[in-house]
Amino acid sequence: MYPNVQAYDRGVMFNPDGRLFQVEYAKEAVRKGATSIGMVAKDGVVFVAHKNINDPLAVSNTIQKVFRIDSHICATYSGMVSDGLHIIDTARSNTQNHRMLFDEVKSIESLSKNISSYMMQATQYGGMRPYAVSLLIGGIDSQPRLFEIEPGASFLGYRADAIGSGKKVATEMLIKEYQDNMPIDKSIDLGVRIIKKVSESKLSEDNLDIGFVTIKDGFVLLSREQTTEYI
Amino acid sequence: MYPNVQAYDRGVMFNPDGRLFQVEYAKEAVRKGATSIGMVAKDGVVFVAHKNINDPLAVSNTIQKVFRIDSHICATYSGMVSDGLHIIDTARSNTQNHRMLFDEVKSIESLSKNISSYMMQATQYGGMRPYAVSLLIGGIDSQPRLFEIEPGASFLGYRADAIGSGKKVATEMLIKEYQDNMPIDKSIDLGVRIIKKVSESKLSEDNLDIGFVTIKDGFVLLSREQTTEYI
Amino acid sequence: MYPNVQAYDRGVMFNPDGRLFQVEYAKEAVRKGATSIGMVAKDGVVFVAHKNINDPLAVSNTIQKVFRIDSHICATYSGMVSDGLHIIDTARSNTQNHRMLFDEVKSIESLSKNISSYMMQATQYGGMRPYAVSLLIGGIDSQPRLFEIEPGASFLGYRADAIGSGKKVATEMLIKEYQDNMPIDKSIDLGVRIIKKVSESKLSEDNLDIGFVTIKDGFVLLSREQTTEYI
Amino acid sequence: MYPNVQAYDRGVMFNPDGRLFQVEYAKEAVRKGATSIGMVAKDGVVFVAHKNINDPLAVSNTIQKVFRIDSHICATYSGMVSDGLHIIDTARSNTQNHRMLFDEVKSIESLSKNISSYMMQATQYGGMRPYAVSLLIGGIDSQPRLFEIEPGASFLGYRADAIGSGKKVATEMLIKEYQDNMPIDKSIDLGVRIIKKVSESKLSEDNLDIGFVTIKDGFVLLSREQTTEYI
Amino acid sequence: MYPNVQAYDRGVMFNPDGRLFQVEYAKEAVRKGATSIGMVAKDGVVFVAHKNINDPLAVSNTIQKVFRIDSHICATYSGMVSDGLHIIDTARSNTQNHRMLFDEVKSIESLSKNISSYMMQATQYGGMRPYAVSLLIGGIDSQPRLFEIEPGASFLGYRADAIGSGKKVATEMLIKEYQDNMPIDKSIDLGVRIIKKVSESKLSEDNLDIGFVTIKDGFVLLSREQTTEYI
Amino acid sequence: MYPNVQAYDRGVMFNPDGRLFQVEYAKEAVRKGATSIGMVAKDGVVFVAHKNINDPLAVSNTIQKVFRIDSHICATYSGMVSDGLHIIDTARSNTQNHRMLFDEVKSIESLSKNISSYMMQATQYGGMRPYAVSLLIGGIDSQPRLFEIEPGASFLGYRADAIGSGKKVATEMLIKEYQDNMPIDKSIDLGVRIIKKVSESKLSEDNLDIGFVTIKDGFVLLSREQTTEYI
Amino acid sequence: MYPNVQAYDRGVMFNPDGRLFQVEYAKEAVRKGATSIGMVAKDGVVFVAHKNINDPLAVSNTIQKVFRIDSHICATYSGMVSDGLHIIDTARSNTQNHRMLFDEVKSIESLSKNISSYMMQATQYGGMRPYAVSLLIGGIDSQPRLFEIEPGASFLGYRADAIGSGKKVATEMLIKEYQDNMPIDKSIDLGVRIIKKVSESKLSEDNLDIGFVTIKDGFVLLSREQTTEYI
């Protein structure tokens, strides 16, 4: 790193290498967030997300990590909680507006582009900071889709992907064990196993969010009982 | 901490670790505020809040720490007084607007999200500072609920929770002694005992605010006489 | 104080302790202002305020320290003259608007909250400084009330209170000698004695403002002759 | 003065003592301006103002120091010429608007408050500097009145007052020699004598502005011939 | 480079040499992007673009490097993904608006000028950074055209051109091997050979985008199968 | 000058002496401009202005230094060319608007005040610099008038005046040789002689602008031939 | 140059000498641009402009240096390409608007003033940089005219003029060899000879733009063939 790195990291401004430090620091915040995993499965998309809850008095289901965006779209995030909720809300408004304006459901790629474009503004203008969240947005339109958007606002489709503190290990496991067209429940099994590995705390129905989208059922968020069965 | 920490703490801007120092400093202000405690009880939610009053000439009931937000919602805060009152006002407007627009009462989770979203703006844009308050918002909609929102604007549900200078000790006592479905008066007893422990000044009806929400009675703020009975 | 205190005192921004230095410096300006005293009395509220007039050619009654806000509300301030007059004007507009909108007089607590909220804006946004005034607002609505608002915008009710350079000494005297339900004239006597003590210059009808609010008479500002009788 | 005084004098911002350095520096600019004197006289108000004209080619009557604001109000200033003219214009618009809106003449105290309030804005918001002028505003409404407004925007009524470079000496002379209810011409005499004393250049009808307001004549600006008679 | 280069590279501001460092740093970001190649061919324009995909789980066709702008115009970019997508969107809106306003297709030179003009704003105003992308815009209007726009917003027409990390080597190969009026497939062959040379990773249908515009077919994006045939 | 002078000269801000350095630096720019002279003459006002033209290929009459503002008003400036032309344009619009709004010609003093007020804004608000021009505005309304406005926006009437690099010497000559009620041609003679003295380059019809306003002829700009006769 | 020159070159702000460094740095950028030459000829105006094209694959006619502004006006620029194109566009809009508003063609001097005024804004307000271009604007209205506008926004008419990197040498040649009323083709010859001298690269129809305006033909841009004949 440059000896004078601090000279370039105080705003939306390039360093001599063409890097935006504020964006890289926001990514560092994401790297501290709880791990989330998304997988394209047979006829659907699966999300398994860890929740950082250390306080025994907290009500675990008030920390949500897997969100219904529309009947056919769900999302999860890693990073700053308030930023994540803000972007999730933005995604929900975006799909609702699309329904109202065009009387059709929004495609997942189009939603991901819109969110990417929204987050990109925060990397170009002074007077604000980048969003400190990575998102996985997935669901089914013409086919099951899964996209990741990161603080720098680029987005990319994945067959399976992980974000947050366990990204590195989780990705290695996904590369080894993920297969196309795994059934929904096998995918959930894999996701839970990965979270178990990357998480330091014991998994329970309290610190795990599991959701999926299928053509038949649309978005489904597992109940605590259903979650327990997978642990 | 970084040797050059000051380089990153002058605005809404990340340090290389992805931290927002202004938000952390605002939390430090909260850590200096008088302690407030919230508990989900049997059929209700209870708030016990300490008031820092050292001036014998002050009129204690003009410092309010437990606030009616709506017929079924109450709140307390710790931190900067003017920020706290501003957010309380914002919460009241929010619930009133919801009533007027939708002709229904606002859910407590939805209110907490709105307040979180409002406070999040102050952590992203330049030209303003974060709010230096933590809030407990509670009440009954479909069931008794309790949420905490902190200066970084994240929010989380709790069965029992403490904010302010006594947070650490109070939380330990809550973990040991709080039980689900305690009756309202037992909960108040526990709350008062905790405030006694974390407070350096002698408790009296002058420096204690006690309120609760039940289905039957809605929001109730104890009178000075009723407060005295619990001390 | 921090060795690098100057790093945090250039705007509306927290230091690592969660303090807003610009607000504290504004309080320092208030500490240099002439002393004002307010007391809840039997059936009324009394204000006694010192005026710093050293120029023998000044027309003493053009420095006003005790102001009629509405028929039943009066106020005094200590601190920067122009800020004080600005806030007094804001208070007057606020009560007049309330009358026009709701056809009722404003409660004193509600007015105090509004002024507190107005002054709070100046502690949160960049591009302006906090107001360098403390105010005492008092009067009678359902009962005699007295509130203090300080540069940090917090407000608190008092039975008797002092602001300005003599605050410390005056408060000690009030604690010792103030009693609830003192008649108006006894209260004025006490206030004048306190001002005499904290003021370095000789008291006269030129450098003293005395006013009170009673149910019977509303706001009354003593004439020079009436003032002389109390000295 | 503080060793690091420069740290606090770059904008509208308090130093640890609660002082606004930019306002104090603006006062320094006023202290360099030519002296103006105002006096309440019998049935009127008198202004005598010195004009700094060193250039023999300048047309002395194009430097105006005594201004008609309205039929019954006049004003003079010391300090930056362009700021002074701007505030004088503002005062004229203010009285004209009052006439148009309320069909009555503006009181002199009310005008002074409005100008004070206008100048106060320049001491609170960033992105502008305080006005570098002191003003004397005087005239007759219910009685003869005279007010001074300074760069910090406070205002105060006087029986007799001086502003500008000769303020200290002039004030001492006024204290010794000014008397209430002096006739207009005696007041002018006194004013001219004071200006003679504080001015380094020889007085003539070229560098002296004399004006007064009486009930009978309204505002009168002396002609060059009339001015000469007083020198 | 200047010893004090950092003094001039923090915003849209010239150094003593008349250089805009932020623009030069943005170009550095482009130099790190995957290589794209454009060629004017016989009766058409050809684009071959490399995609940086190292993640075996990524869905390669969700990284798009060759974009349809209008029926007769296509574009590719190198540099920051989010900036690239933003400019591509801007280009699409621009051509659609032109169609709607004038009922005719936009010329490629006119579109390039508009995009150049749009990107130029980001090099002149404070509070934002330059766009970190170079673009190749090509297609057929009266004849096949190809333009490059760089972060400094200048644009220039080319017969064949390369942008991104392999620009230097690719340009040397183009100079040696490119010929006017090569058939579309020969042009693609050349482009693929160049990308093979400048790319460190093995080429496949996953990391290569190939598109062309001809009068007969308008814009065509090769399918994975068609792409494979060229590798 | 202060050792830390640079601390106060970066914007519209006072130094401890009450000086605005940016205004003083703008005056320095004026001191580098070519000299212009204005004189009130018998029944008219005369302007003689030098033009800095060193390039033998320049078309001298495209540098204008003496401008018609209205039928009865003319002006000249010294300082930054673009600022000068901007203010000249502003003056022209100002007089035209006055004609349209009030159906009368603008007085020269009133125009000078308006321009002064316009230039004063640039000395008070941040985000812009003062205008680097001094102006002479003259003409005939009720009588011949001549005003100077400088970068600090103060204005003053003169019988005869000089601005620009030769101001000091020119003023000395004017004091010695200027007389009231000189005929137009004698005044021009004097002006030309002064310019000859203060100018390093040889005077010719190429680098001299001569204009005057009389009641009979309004504004007249001398032709090259007429100018030659005076050299 | 000042030891602390950097203190004054970060924005639109004067140094103690009254210089605007950002404007001077922008001029430095112009000094790096390819040379352009303009000449008033017999019955017309001639422009000869060099184009910096080193890339053998570039399409030379897409770099334009001589532009039609209106039927009777043409222009060339040296400096930053994107700034140049922006100002050229502004000039075109300006003349078109004039035609539409007044139903007459714009005079060349008036256009030059408007462009100068537009560029002047960028030298006065913060938050933007000066334009890094010099322009030659020429054509025929009542007679052949030629104007230069530089980054500081001053403008001046010329009989013959050069801008860009070869300005010094080119001007010397023009002074020696330019004559009034040279026929168009002789003027072009001279211009081409000058460009040959100041250019390091070999001249060809690829890196030379030649255009002229005559009464008979209006604006004419030479074809590649016609250009070749002059080399």
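Note that the chains take the letters A, B, C, D, E, F and G in the order they are written out, and that residue 1 is the start of every chain.
Quick note on the criterion: a residue touches a chain if its C-beta (ideal position, glycine included) is under 8 Å from a C-beta of that chain, and two chains touch if they have at least 3 such contacts.
Remember, predicted model here, so these are calculated numbers, not experimental data.
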Smallest number of contact steps required from subunit B to reach subunit D: 2
Centre-to-centre distance between subunit E and subunit C (centres being mean Cα positions), rounded to whole Å: 67
So the centre of each chain is just the mean of its C-alpha atoms; given that, what is the distance between subunit F and subunit G in Å? 30
Using the average of all C-alpha atoms in each chain as its centre, how far is it in Å between subunit C and subunit F? 54
Touching two or more other chains, which residues of subunit B qualify? 126-127
How are the chains arranged in terms of who touches whom: line, ring, star, complete or other? ring
Which order do the chains take around the ring when read from subunit E towards subunit G? E, G, F, D, C, B, A
Can you tell me which positions in subunit D touch subunit F when the two form their complex? 6, 9-11, 21-22, 25-32, 55-59, 61-63, 80-83, 85-86, 89, 122, 126-130, 132
Listed in rising order, subunit F residues that touch subunit D in their complex are 4, 7-8, 12-20, 109, 113, 116-117, 119-120, 123-127, 146-147, 152-161, 171, 174-175, 178
